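Presented sequentially are two complexes of chain A, the first with chain B as partner and the second with chain C.
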Partner chain A sequence: MLAFRRRSDVATTLFFFLIVSSLFPLGIGPEPAVLSSIAPGVLWVAALLAGMLSLTRLFAADFADGSLEQMLLAPQPLALLVLAKIFAHWLICGLPVVLLAPIIGLQYALPNDALLVLVFALLLGTPALSLIGAIGAALTLGVRGSGLLVALLVLPLYIPVLIFGAGAVAASQHGMSSQAHLSLLAACSLLALVLAPMATAAALRISVE
Partner chain B sequence: MNINWFKYSSPQTFYPLAGKMIPWFAWLAAILAVAGLYIGFAIAPTDFQQGEAYRIIFVHVPAAWMSMVIYIVMAGWAAIGLALNARLSAMMAQALAPTGAIFTLIALVTGSLWGKPMWGTWWVWDARLTSELILLFLYLGFIALQSSIDDPRRADRAGALLALVGVVNVPIIYFSVKWWNTLHQGSSINMGAAPKMAATMLLGMLIMALAFWMYTVAVALMRVRCIMLERERTSDWVKELSVQGIAGVKS
Partner chain C sequence: MLTAQSLACLRGDRLLFKNVGFELNAGGLLYVLGENGSGKSSLLRMLCGLLMPEDGAVFWGGKKIKEDAENFLSNLTYIGHLNGLKDDLTAQENLYMGARLAGSEVSEESALAALAAIGIARCANLPVRVLSQGQKRRVALARLWLTDSKLWVLDEPFAALDAASVDVLASRLSQHMSNGGMTIITTHQDVTINAQSSQILRLSS
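Moving on, here comes the complex of A and B:
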């Protein structure tokens, strides 16, 4: 839980999420019908961007003070250590967003069952965001302009999660079952859970040598 | 007989070979392109539904095909480069990326030029258009990552890993984007069913695809020669080459 020592990261992520999702009603107008129809997409995009903000710091501090090299040399498999790092990142940056989302969903006039689906979808989907993002963070470690680069690398890969996540909420708004979307979202997360730690470990070995 | 598979895997031996192959592929590309365009614009019948505007498919469809093929080939080279730690494979991947990005852009632009008279709109958020756009983003990400890392070996390997991650994701992205299948017509060429288009149209398209393919090979080889010279500029064979080049100009 070392990441938690820097509380400002959590606060930044949360405030970013809050501000971005509060800007949309100001730009679009306060009609509840319009807001609730754009809510799934807006909230998911905001969550996506908020999670990405802190990605560059996922390995940066460890890289700077050399503990990343210790991790590379450690007897434990690197993928496992990386998975722990990613899990910590999700707890710090993903989970708060999940918990905050229903409150913002209320501002967007989302009905209760859609709110429930939103939380559930975020809960299933945000781990995939942290996992995929870690690959980008590891690849751009120590590269100049890494913040922008991470966005360019990672955002296209986030698209399936965005589609299924927003689709689940939209489906429940239209009175349909969101089960198919949620299953696919879970599938994305599980696939990322298997492949992303290995890819991240490989990327770290490339970046630190 | 013992074939040395790796004879041309070093830049020093590949450089002259690539130089010899470029004219062949370039001429093939030119001839095929002329033939394909002739078939496309002069021989192929006018489509009874779409009129003359459909003729843009002779550029659009081959470009879209090539954009996907090049990404797969690029990822393949990247994988070989990563697995065997081969310099040349990584250089090939790097050389292919800009061509792939250009074909993706051509496919997008010609597609929207065709979409305006046919659908009445430049752009629709349909599965194939969107995944082509995302493919462009993937190409740009690859190029950006490679160009922002100074150490070429690290750039190669980081880019290779990104290409592999991308190639795993492309089908996932494609099927996820397919959910809003809106205006785009079904695939014109279907492996299972008989082609719905006239044989001459298909022939023109295939010849154009071959022409693009040859063009890709020629351009990638040219680019890889430049990359080789740039990376190996301190090595003996490049110095020799430049001495020879100066001597050749003088004589």
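Moving on, here comes the complex of A and C:
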């Protein structure tokens, strides 16, 4: 099922993440205290927007070439197919960001244990971003100016993930335990994992009509 | 057996058709005719369950298609206006993917044989993006040689095909019907297809 290849997307997402998060240290100046205090928020916002970039293309190509119709008519449950597509999206857009984050974190003078928490938080949180984003992508399928609409629909729903994700890193910077934040982040992802595929499948059926 | 009961289709605020009903038995062929915009494609999408009917219902073997979706869908092959091919994949890979989606496995030999049957064996390893319109259509139609589903719903299958391919496809359809299959097609071309029973449904606006 992972035969849905889109090579250019990986590069776009990664470079966007890389550039946005590198611009801040350049613009703000090399003050380690300031940088490390804004780091969690900036990195999470960059990761969020990077994931958003490729969302509109999640189903658009399938919609345009008719593969989506064939997916709807497949005897397998649609939610399962959708979950496979979301997983592929996360592998392409989420995982590289997670892997790149510690390197970017070094630019922000983050201590080692905070880097570790950052990677862990991103690992727990980025699946939720792909899952929630898929609902927005399915709802705006075939609508003109869908890119902007997806952002308007999905960004508010990303807020909890952003708060707990950035909170986890900030907590570990201040010497507190980040466990509470990470647990809530995992809860967000699990909730999205249960609900998002079904919601996306329903949205796709409506969009294709 | 496929039964449609008093189907009605509303697009926007325009009523495309109403009170459309028919019964299609094993070995049966149904031509859906009508001018452009009379709702042929909408009717076909409705019969597959892609479009909800405004009124009426479609039954497969006596059960509503929505209630018995898995059974119905595993007996259905639909080829619409869009070919459902991935541009980056080769013709052969597209056939594998189509078969996987339809819930079956296809061997390399049978995929090549299907492509050969419709005369594009030499394009098997080319990415679909470099093929012509007619060749793409033929890759999509090659699925008909790989499926064992009962009901085929084909929207303008003969469009963009050359005369030789039209004959090949027509004989494949005749073969399908003689094996007890059912076919619903829309077409503007005059093609002879042999079937145990054939009906014509004319939509007028």
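FYI, the second predicted complex is superposed on the first by the 204 of 209 C-alpha atoms of A that agree within 3 Å, B and C clash if a C-alpha of one lies under 4 Å from a C-alpha of the other, contacts with A are read in each partner's own complex, and residues count from 1 in each chain.
Following the convention adopted for this analysis, a residue touches a chain if its C-beta (ideal position, glycine included) is under 8 Å from a C-beta of that chain, and two chains touch if they have at least 3 such contacts.
The structure presented is a predicted model; accordingly, all values stated were derived computationally and were not measured.
After overlaying the two complexes on the shared chain, residue contacts for A:G145 are found with chain B alone; chain C is out of touch. Once chain A of one complex is fitted onto chain A of the other, the partner contacts of A:M71 are limited to chain C, with no touch recorded for chain B.
Of the two partner chains placed by the overlay, chain B and chain C both lie in contact with A:E209.
Of the residues of chain A, those at positions 209 touch chain B in one of the two structures and chain C in the other. Taken in their complex, chain C has these residues touching chain A: 48-52, 70, 73-74, 76, 78, 80-89, 93, 96-98, 100-103.
Listing the residues of chain B that touch chain A in their complex gives 134, 137-138, 140-141, 144-145, 148-149, 154, 157-158, 161-162, 164-166, 168-169, 172-173, 176-177, 179.
If you check the complex, the residues on chain A that touch chain B are 135, 139-140, 143-145, 149, 152-153, 155-157, 159-160, 163-164, 167, 184, 188, 191, 195, 199, 202-203, 206-207, 209.
Considering their complex, residues 1, 3-6, 64-67, 69-76, 81, 208-209 of chain A touch chain C.
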